[in-house]
Amino acid sequence: METLITGSTCYATIHVRTRLPTEFIDLTDRLQTLLATSGVRWGLVNVQTLHTTTAVVVNEHEPLLLADFQGLLEAAAPGNGPYRHDDTAARTVNVTDGERPNGHAHCRALLLPSSACLNVADGRLCLGRWQRVFLVELDGPRERQVSVLVFGEAGR
Amino acid sequence: METLITGSTCYATIHVRTRLPTEFIDLTDRLQTLLATSGVRWGLVNVQTLHTTTAVVVNEHEPLLLADFQGLLEAAAPGNGPYRHDDTAARTVNVTDGERPNGHAHCRALLLPSSACLNVADGRLCLGRWQRVFLVELDGPRERQVSVLVFGEAGR
Amino acid sequence: METLITGSTCYATIHVRTRLPTEFIDLTDRLQTLLATSGVRWGLVNVQTLHTTTAVVVNEHEPLLLADFQGLLEAAAPGNGPYRHDDTAARTVNVTDGERPNGHAHCRALLLPSSACLNVADGRLCLGRWQRVFLVELDGPRERQVSVLVFGEAGR
């Protein structure tokens, strides 16, 4: 994690190496640490993925529930397609060498948020009892980056 | 509603008691009041639920449309399951006494935003003619809390 | 595009005339220009639609993928209904002259974000290699407005 503090802002990039095609990576502890480092007491933490086949969601960290989520995403945008984005004979835009078929991953990403904007009150990240912040890998394994901005009033 | 103002920030927690399994609670008037109280003229209002079986959405307040939304959510994640999260024989994580089956509610929450970040321009909440901000109850009835941060420049 | 700068804030309304029932309008270049105008170096850009039958999403600008997205939305909320919102015999709320049936468009909007909150670091909009910001028209053609707030520290 690279961190940069300037005035009322703290900016960081979180690096994540995912291991599975679909995976939920809990970022909450890293965000809490970053907030503590920032010194911000009242403000916002904006957590933004830098990829188009991932998402950032807030939900409960319970392994069987995460399996339910995976089933839900599979039903919404099946992994076995077909997707026009994966038709290499027809594609003319953004074609890259060794690109793997990932139309399903883009479609799943469309249905999920690409960022989470969280409140900071009295130096604490506002999260309910069961809330955790996840990077959702939808086309892994890959190297991923999450951009985080902490913005607000420092304070005592 | 508890409200706290400090410098350029106004923080509040809105308490809502929901009455139905699925319910759309219109928060717009309360947000307008909070913005007026804050004195912020240019900035952001971030409206964030503190629960994992609710959502915050912006859409039209028309009762038959809200019934359509309920039908859409039922089709996306049926209330009669099955969900692995509800398999109390298999669950080992986050198990609580008297927990009711709510895998469907978590799945519906996954497909909806958990917060809404709204612009403030010249002291007014930027909302189009038909836009209203709702807390969406997906596993009611329950006591719910919504965290609201108004952040920006006060002004004349 | 009307733009207003005050202190650490830059506010603009982007006007878009859409031409198709479903359409993805790439706003990224306009947002980059606005950020450069603002002089903000560290902060946030919040991009918010002012309509209830549109969305703001971040994904890849590849024409066949956008066709996949259109198919996904059609599957999630079919254009041929039925929707109670379109039952003019039953509706009593928010009825307007010449209203066209658009329950499907509201339902599709419910499943997509109504805003995108993006980080600004060192004067640049934080977007990954493939990320572009789109206004999604779901009930076109229409005149649309997108509210944009750039908020943060100016700087050198």
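Descriptive notes on the structure:
As written, the chain order gives the labels A, B and C, with residue 1 at the start of each chain.
Methods note: a contact is a pair of C-beta atoms (placed from the backbone, for glycine too) under 8 Å apart; a residue touches a chain by one contact, two chains touch by 3 or more.
Because the structure is a prediction, the values reported are computed rather than measured.
Rotation angle relating subunit A to subunit C: 120°, from a CA superposition, given to the nearest 5.
For the self-contact between subunit A and subunit B, the two sides draw on mostly distinct residue numbers; the shared fraction is below half.
One finds 20 Å separating the Cα centroids of subunit A and subunit B.
Multi-chain contact residues of subunit C, defined as those touching 2 or more other chains: 44, 76, 111, 113, 117.
Residues of subunit C that touch subunit B in their complex: 4, 6-9, 11, 44, 46, 48-52, 76-77, 83-85, 87, 90-91, 93-94, 103, 106-107, 109-111, 113-115, 117, 145, 147-149, 151. Within the complex formed with subunit B, the subunit A residues making contact are 42-44, 57-65, 67-69, 72, 76, 111-113, 116-121, 126-128, 130-131, 152-153, 155.
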